[in-house]
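The structure appears below as structure tokens.
For reference, chains read A, B, C and D in written order, and residue numbers begin at 1 within each chain.
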Amino acid sequence: MSAAAFDHQHTRVPLPFDVKSLRGLSEKMMQSHWENNYSGAVNALNNVRGRLSQALSDANTPPYVYNGLKREQLLRTGSVVLHELYFANLGGDGKASGDLRSRIAASFGTFDVWESEFRKIGQGLGGGSGWVVLGYNHRLKLLENYWLADHGSNPADTAPLLVMDMYEHAYQMDYGAAAARYIDAFFANIQWDAVSKRL
Amino acid sequence: MSAAAFDHQHTRVPLPFDVKSLRGLSEKMMQSHWENNYSGAVNALNNVRGRLSQALSDANTPPYVYNGLKREQLLRTGSVVLHELYFANLGGDGKASGDLRSRIAASFGTFDVWESEFRKIGQGLGGGSGWVVLGYNHRLKLLENYWLADHGSNPADTAPLLVMDMYEHAYQMDYGAAAARYIDAFFANIQWDAVSKRL
Amino acid sequence: MSAAAFDHQHTRVPLPFDVKSLRGLSEKMMQSHWENNYSGAVNALNNVRGRLSQALSDANTPPYVYNGLKREQLLRTGSVVLHELYFANLGGDGKASGDLRSRIAASFGTFDVWESEFRKIGQGLGGGSGWVVLGYNHRLKLLENYWLADHGSNPADTAPLLVMDMYEHAYQMDYGAAAARYIDAFFANIQWDAVSKRL
Amino acid sequence: MSAAAFDHQHTRVPLPFDVKSLRGLSEKMMQSHWENNYSGAVNALNNVRGRLSQALSDANTPPYVYNGLKREQLLRTGSVVLHELYFANLGGDGKASGDLRSRIAASFGTFDVWESEFRKIGQGLGGGSGWVVLGYNHRLKLLENYWLADHGSNPADTAPLLVMDMYEHAYQMDYGAAAARYIDAFFANIQWDAVSKRL
């Protein structure tokens, strides 16, 4: 088969900010995050796509083996997409304003309630992994926060707006197990303009 | 807290077709599917939302207990959204045409390759549960098929276009373990106009 | 590689009771359960084992593709093991007595509390799938009930004693969505002697 | 309810080795692992147990909310049990011998094949989390390696013998993203006598 769905090779998106400019998130950690975790996901997704193409052409592939590869595709797709959104919503001054801030306040009662739920979710990762996402659910027509226990756990039919990586590779190198301090640093560096444009 | 994200009560969407008009999918099974499985998910989502509101106000709720509820919210959100899309893409004559058919063919090489992958995924559900989704991934700019092992496993930043329920409640009553015959019936009843409008 | 861990071919264990003797669980459903769901899991496990052997010998297999197969192995292993324990704890008169009954009562306060929790877990399966297990946790030295959301979700270091299948193939054919009536039938047919011997 | 299954409060097991004696695994990292990740799991398990007891007594708790807590119980149980086994199989000289070595070799063809699979699984963790376990499956009567994607993913009816933590908190502080170097250090410190006694 020669077609986009099977042949597409994803190209890595560079870090969209000066890696030395973040406050409280070290250059060393961000570089490692991009080069190891994100790049590894891109390579894996591209490799799995090729294997799917082969497996679909091979009549001996049982459906449950095929779906083992589809599961990997779903996981790597989530990792690639969420990492790109995460990097792209960093590099700012952390100050939310304007229409998005108003809409968040309207949905959650106040902006502070939204922030307190977003932070609470980030602190509740028992297994040391996962994502916190503010998303707009197209079907429910709601702005909501979601907890994603892994890359493949996403809300259905939802545009991710603000994405926070809570895998330990996002903070252990700088903060050890002090996840709350990492969440402070994340908030201080949010690029809210990028978040607004996603809505 | 009094705010949409916590107070929203979802209302059930009626079946968007004459339940006697489907070919090979019995009225009894579709009614049970809507009244038990879909309605149960709506009730659960509404209930969990209320519990989240209480738990966020209670300083004694540890974050990992809060996230247990957030996980339930994610699962019920997926069940509600995917069921509504599933019902709404049934009731048609199963004949794809026009722009969407062309775009699927362009993405997968041919329309038949797309259909063969979609069907193969449906036959590979080892555990008797899951969804098959043709989606448009906004980030990767690709039409792709996905296998969702449960309601909470969704592709990130993706619009679901065609949704097939492969939980056993979708077919056991009519077909027992003969999932492939259910998939035939599903394809014969696809409402492609509804699918096209989602793109 | 020629070795048990890679070459083992599992042989199906026949149903350990007269399939016409169960009360409230039809011969048709139990036969379908054994022939389709259980046998499918055995075939899948044997097939995946062969693929693992090949993949380990092939230096081109990236670890994340290898682990996709390992995940399938874990899921099929769970399905095979849990199905065999489920069938083997049916075919009795449902009357618990003796030492096991006393130990359950001691662990849960009363036998009825144990039964009410076991039944409640069975009724809470939002996705239409999963298992309920009474197990003895060797590390914690506790008799506990567990909810397994899929075949691969099991308590660590625990001997499963009583196993109830809550996948929809275990009851939809006889009871539709009325899971509580299936649970009644399950309890009426428990083979408690088999359960006692597992302790 | 006053009974072991609901009231049991687990007590932390101290690190069973001199934390300064390990080679290539720093005192700082091991202390953080024990004090933050393991102790956090013990606290969470004890807390969830209390909440289960309350929820079971409350007729207003819907089964799907109850099962949200049971899922947390399963996850924390896995984290507690697997961490204790992990710590207890460190502190040795890494040299396997005797009966267990022979049995591993018999099951996998050679001891080196076993080790190569165990290491390969460890390198394949796409999401930065999980466990690798050599276990004895009581039902299949096989020594096998398993990949556990999270604390709740365990092989059914299996005694864990050798347990390697691949969550990033187990190695990022010392090795960053260089998981393979951590695996070397893990192997150099295996306490094989403890592993043998588990069989």
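The criterion applied here is as follows: a residue touches a chain if its C-beta (ideal position, glycine included) is under 8 Å from a C-beta of that chain, and two chains touch if they have at least 3 such contacts.
Quantities reported herein were computed from a predicted structural model and do not represent experimental measurements.
Undergrad: Spelling it out: a chain qualifies if it touches chain A and also touches chain D; which chains qualify?
TA: Common contact partners of chain A and chain D, which must touch each of the two, are B, C.
Undergrad: Across the interfaces A-C and B-C, which one involves more C-beta pairs in contact?
TA: Of A-C and B-C, it is B-C that has more C-beta pairs in contact.
Undergrad: From the mean C-alpha coordinate of chain A to that of chain C, what's the distance rounded to whole Å?
TA: 35
Undergrad: Using mean C-alpha positions as chain centres, tell me how far chain C is from chain D in Å, no decimals.
TA: 23
Undergrad: For chain B and chain C, let me know how many angstrom lie between their CA-based centres, rounded off.
TA: About 27 Å separates the centre of chain B from that of chain C.
Undergrad: Among the residues of chain D, which ones contact at least 2 other chains?
TA: Chain D, residues with two or more chain partners: 44, 62, 64-65, 71-72, 76, 126, 149, 151.
Undergrad: Show which residues of chain D lie in contact with chain B when the two form their complex.
TA: Chain D residues touching chain B: 44, 47-48, 51, 62, 64-65, 68-69, 71-72, 76.
Undergrad: For a test of understanding, state which residues of chain B touch chain A in their complex under the given definition.
TA: 1-6, 8, 10, 56, 62-67, 70-71, 73-74, 77-78, 80-82, 84-85, 106-109, 113-114, 116-117, 120-126, 137-140, 142-149, 151-157, 159-160
Undergrad: Could you pull out which chain C residues touch chain B in their complex?
TA: So the residues of chain C touching chain B come out as 32, 36-37, 40-41, 44, 72, 75-76, 79, 126-129, 149-151, 167-169, 172-173, 176-177.
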